[in-house]
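Labels for the chains are A, B, C, D, E, F, G and H, by order of writing; each one numbers its residues from 1.
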């Protein structure tokens, strides 16, 4: 089984981190993974995106042209990558920054106001965690427990509060996607 | 109602590629305005460096060249010697001019090339993501001085104006800052002087702008200016180092 | 799985170099290599090593020359334009027979080009971008793990033959994160021993004034007869390397291959994807991936060209550079087709399949 | 009567103009521009004295001042 | 005969460049090229041209970049180590599509090597010593007259295709005096016209503010799709050059050749001596001398390999560089033998005869 | 009878490759004698440049490196950082140090590398046959300034001590000359100071020797010294520019 | 007909100029010529030498390994090049600086005290002209008149005295070789 | 008794020692060395005061002085 994903948004929205958390968790679950960011000056103010591949077998190309899963944290991301998502794929859309969502047939959409929800949770920065929650619920790429363990071991001593917020955001995402 | 301030003619209608609040844009504006005022647009040309201002060749509304990292003064030398009827400037960052391009700036200055050099000192490599520059302050943290610049190990910031001022040929050397409106107004005067001398074929003119890099300093634009005033200005003191055009001007 | 960490290629190779006993690193920032220099800036002080950001790539390679002349493991890294600036210095390293490791995280060229992955420096790396007759051992990784593993390999090779070694990577490998497992750190004692193997030629102190020596780190021989001897000696070493150190990977190479593909580094990964798909459709296509691009696996490629093979395909992220070496290996036996991609773009498996299918 | 105008296409919402305006008549707009920035706007053209301080400090040359 | 003057290659090529309209020259001294820079120092002021001794080879090539960007005929020269330092700049020239002429008066390498003649920079010149996909037109003279003639040829080629052109000479040709006849000086008016052909892209003033233009001298394209287009455009130009500009000399090439030799530049002269002797002894051996080493006369060499030719010999003043191109041309049809000489030594006709005789 | 002056131990028994009367030899002797006197021979090493002194690696009786043209300070940086227990110097000519090697000397000095630099200024490129150097005097004829150096076109000689003296880190900077026995004795003292500071790990030390090139000046050795006294000394004034080791020493 | 020559001596003795005058004169007489100096730092204080080829046909190799004619202005030159002179070749030796002349069989020798003679003529610098005179007399590489014309057009207005000395030296050489 | 000795293998006959000798007791030898130079020699060891001025100026470190 091989899943190809693209996560995309403005610099600072945490799209690259979505990829990193998913790749790291999948690695812990014994999968092969690759994480390939777009980089360069276009990152500044422009759109940052990352290609992630999770696979049971060796990963040949880390370049994702036709993702199974795509997260668009802003409109330019949706416009750029939406059309290339595979049939039966999943698109997660941040409603707050994507005023213009035209849904394709045969693609699963989760459209949610991620900015708003994260503000409700209490921290703008957990916006991307909500997206991860959605993916966890909608797919079996990674397990909630793996990511929770990972976050816990990483954050428990450093910032217990942030840990709690993160876990809440993931769960919120999972709920949303049900 | 009369327009009293608007985008100068010598800037093309494209957005700068700089981060919000980055003062490269102000330096560009000062140059463009002055080119307009002096009526130089038809014979003006400049050289963009490698650095955040690499795209400067897109921003000015006259012919422009883009040079290899650090080599803008050599490129400008070739340009000016090839078409002396044109007015040539370089626009360079501190990594470009004070690190890799040290030999080129020293020797262009030493030859007294008839060009103007605009040097934007933001104490860091902006373009490549915040590495240490020769002008990085002691103790300052950058991605390649993660524990702070250790002056005992790698020395102190290079003061380019002071260094070039040991040479005979340069005609005009001044350091200004872009850290407040009054300073920007002063900076404009310096640019006017440099390009006027350039127009008159007086010789080598050099302006250092003490500037900011909000992104890589990790400070918002307004705080960046404050930080620069407090930390850079004491080390990089503004002033006229050389002005052969004024009586009583140094040298 | 336990020891695997998810890491960027740029960081993984830096970490692996430190573990292999590299305690001196000189470089100048450039995208897409900057994480490497930044990692070194962070970690070298922790192992009491030297991290120094040079004033330029030219200075960096000459610092490497100095440190290598002292018999210490030393490394530099850059990306394409910066590597071009090191050409004189690399020729000097080769001429003075100094072991050192140089990493090129290639980007699109020529000129300032862009900062996306490319393989346009193959010629420069393998045919001598500098002046005079010399060769670098050139290793071309295609995964983050291999990139990391090559750090220690290349120090070992450099020491063994007293030649500079280059790792020819690209922006994709530098920027990509993959799981990687590291070897143990060499101990300070092991590192000291590594240095001592060079005592018969390198610059070092006289112990208590005994055993006075006059070692010279030098590439100048003003008498052409002496220089001739020196260069012929280099040639012998290069022949030795060609005999011993060729490395390649075979992917689905067998006696019934109808086509053989050749690709190195990042490009090879994409080609594997394409081959997998085609073979799933019932074709029998193999891939040779040179791991050392100098010395080049000429013989190994030639061996795979048997009666069934109708054609050889070469895929590179450039306008066609390694294809010349493939042609030299194939030596006219079957046609050699080339497909390139330039500008920092990476071809998709689909494009590769299309190219091959045109010859079915 | 517009004394101070910001071109939203150029503005990057850096806030420098806001910090220097002696009349404190500049603020960020509710709207965002194409690049995703809340651009600056003068909310009280009456009070604006057309001093062009904002123009002088604007790094993106987004401002026009008239009198 | 009347107009012939006895002149060093270094001086003859400088004089010829000035006559061809070169009015800007930037260089840094290095043996065995120094007479060239010294001649320019003396003569450029006399034609109101610019002679400027740069602070380094790096500066010199970037001054060339600047002057070429203004649409003027400009030249630089150096010898091997200095040429290595120009690699980044040359890649920029190619990337920005700037016409310029670069002369390499090769010496022994690698490193500081020595200052005697060599051909060790063939790979560097023809395969791109700089980074990225680019080509130089590379001309290899074998007499002082040809060296001089190539000056004007190379400016014409540079202008025609907007590419940098290299003359790949060596210390022997630079230092040797032979009779040479020059073309007429181009007039100031002709030179001005030459410059104007570039007005659609080069930097120049607006006449009276009319026809305002925004020309950019630049090799940067940050969008990989745009860079791809740019590089593919370069490829088209290179293909055009390969179609039109290949030049070679045939020396006793005929239908009954038993052996064919290939050599370029200085080496070819010595091979001619050897062939003369052998043919006087009743053999039938021919020589192909590539005059352009890029574009390379692959087809022209292939054509000479007919039924009677038993073997091809390649002679170079290096460890074997052009031999790869000869093998690509011969493509396995007959064995290719190589003999080199290194260290700044030049083989004697006797040594060449011996090599060939071993296969009689 | 006691020997009071003879070839120092740290010079190997090989003839210099210099022309008759060339003062490179004296500079070598001063260094070698001082290494002997300070007992540094066992941990001494140096870097030969590209220039007439390219063969310096053959002349000193300890391990030596030969660097690419102008890069000796970078090479020495690598050496010193690799084996801090050794004492490292570079020996460079004016073409090597003040032209192609400008960036390397400025930045090694600016970092305060713990090396000694011996800089032989003979106002010309000796090795390659007498081309103009950055230190060539105005009006002076060389093979690449056949009509005399035109200061209006290509500027004035670079004064390296003055230039480096604008940097913070250097520990000791002095200019001496080799143009008479008393001056040679003074020069010796400077070399002693530099290598003593080097031994003590104080920092970057720099000695400029005003020297001669009889061959390319076209003057015999004795007249060369006279010419240099009259023409070079007024421009390159001997003196201590910086000595952090003395109280009241500049800086 | 092809003649290959080597002229050699200390720097300053004018060996290279011998080659230049001969090549220039031969060129005026319609021959193909090449002149190839040794160069490099070994020139300093060491031996400077030049290979000259004069030929009716195109000159292939300008490198002379086995000269027909050799002039040795000092001992190291004689030692270095003497043994490779072809059978029936000519060796001109400056007796004053070659204390040790071992004559080979089958080679024509002209051994003369060139320093002494040139001093007699009145100028040290014409030493090399005597050698040229010897070659003119002994071979037919170039004619006296060609060289004399050449020198005259070059020197007449600039330095008539030196011209006279030069011509005298050439004649002196021719006499010596008779 | 030799106070000042010149090693003919090193001496290049530059004459600097001659020019600085306060006693004027150095001259060029009639003989030439391997490199073709008339090397320097002290022709009056008696008058030599072993001041080592010659040593100090000799660029080829050819001189030994004893007292």
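General remarks:
To be clear about the criterion, a contact is a pair of C-beta atoms (placed from the backbone, for glycine too) under 8 Å apart; a residue touches a chain by one contact, two chains touch by 3 or more.
This is a predicted model, so every value here is computed, not measured.
Hopping across touching chains, the smallest step count from subunit E to subunit G is 1.
Top-ranked chain pair, ordered by C-beta pairs in contact, is C-E. Each chain gets one centre point, the mean of its Cα atoms, and the points for subunit B and subunit E are 39 Å apart. We define each chain's centre as the mean of its Cα atoms; on that basis subunit B and subunit F are separated by 34 Å. Here the CA centre of subunit F is 26 Å from the CA centre of subunit H. Centroids of subunit D and subunit E (each the mean of its C-alpha atoms) stand 58 Å apart.
Across the assembly, subunit G contributes 40-41, 45 as residues in contact with two or more other chains. Residues of subunit D in contact with two or more other chains: 12, 35, 37.
Looking at subunit C, residues 31, 52, 55-56, 58, 81, 88, 92, 96, 111-112, 114-116, 218-220, 222 sit in touch with two or more other chains. Across the complex, subunit C is touched by residues 58, 80-81, 83-85, 87-88, 91-96, 106, 108-116, 118, 120-121, 123-124, 127-134, 218-232, 234-235, 318-319, 321, 324, 327-328, 331-333, 341-345 of subunit E.
Interface residues of subunit C facing subunit A in the complex, by the touch rule stated above, are 1, 4, 6, 31-32, 114-116, 171-172, 175-179, 269-270, 272-273, 276, 346, 348-350. Subunit B meets subunit E in the complex at residues 12, 41-43, 45, 47, 54-55, 57-58, 61-68, 71, 74-83, 85-86, 103-104, 106-107.
Across the complex, subunit F meets subunit E through its residues 50, 54, 66, 68-70, 95, 99-100, 102, 125, 127-129, 131-132, 134, 143-147, 154.
Residues 20, 23-24, 27-28, 30, 32-37, 39-41, 59-63, 65 of subunit A are the ones that touch subunit C when the two sit in their complex.
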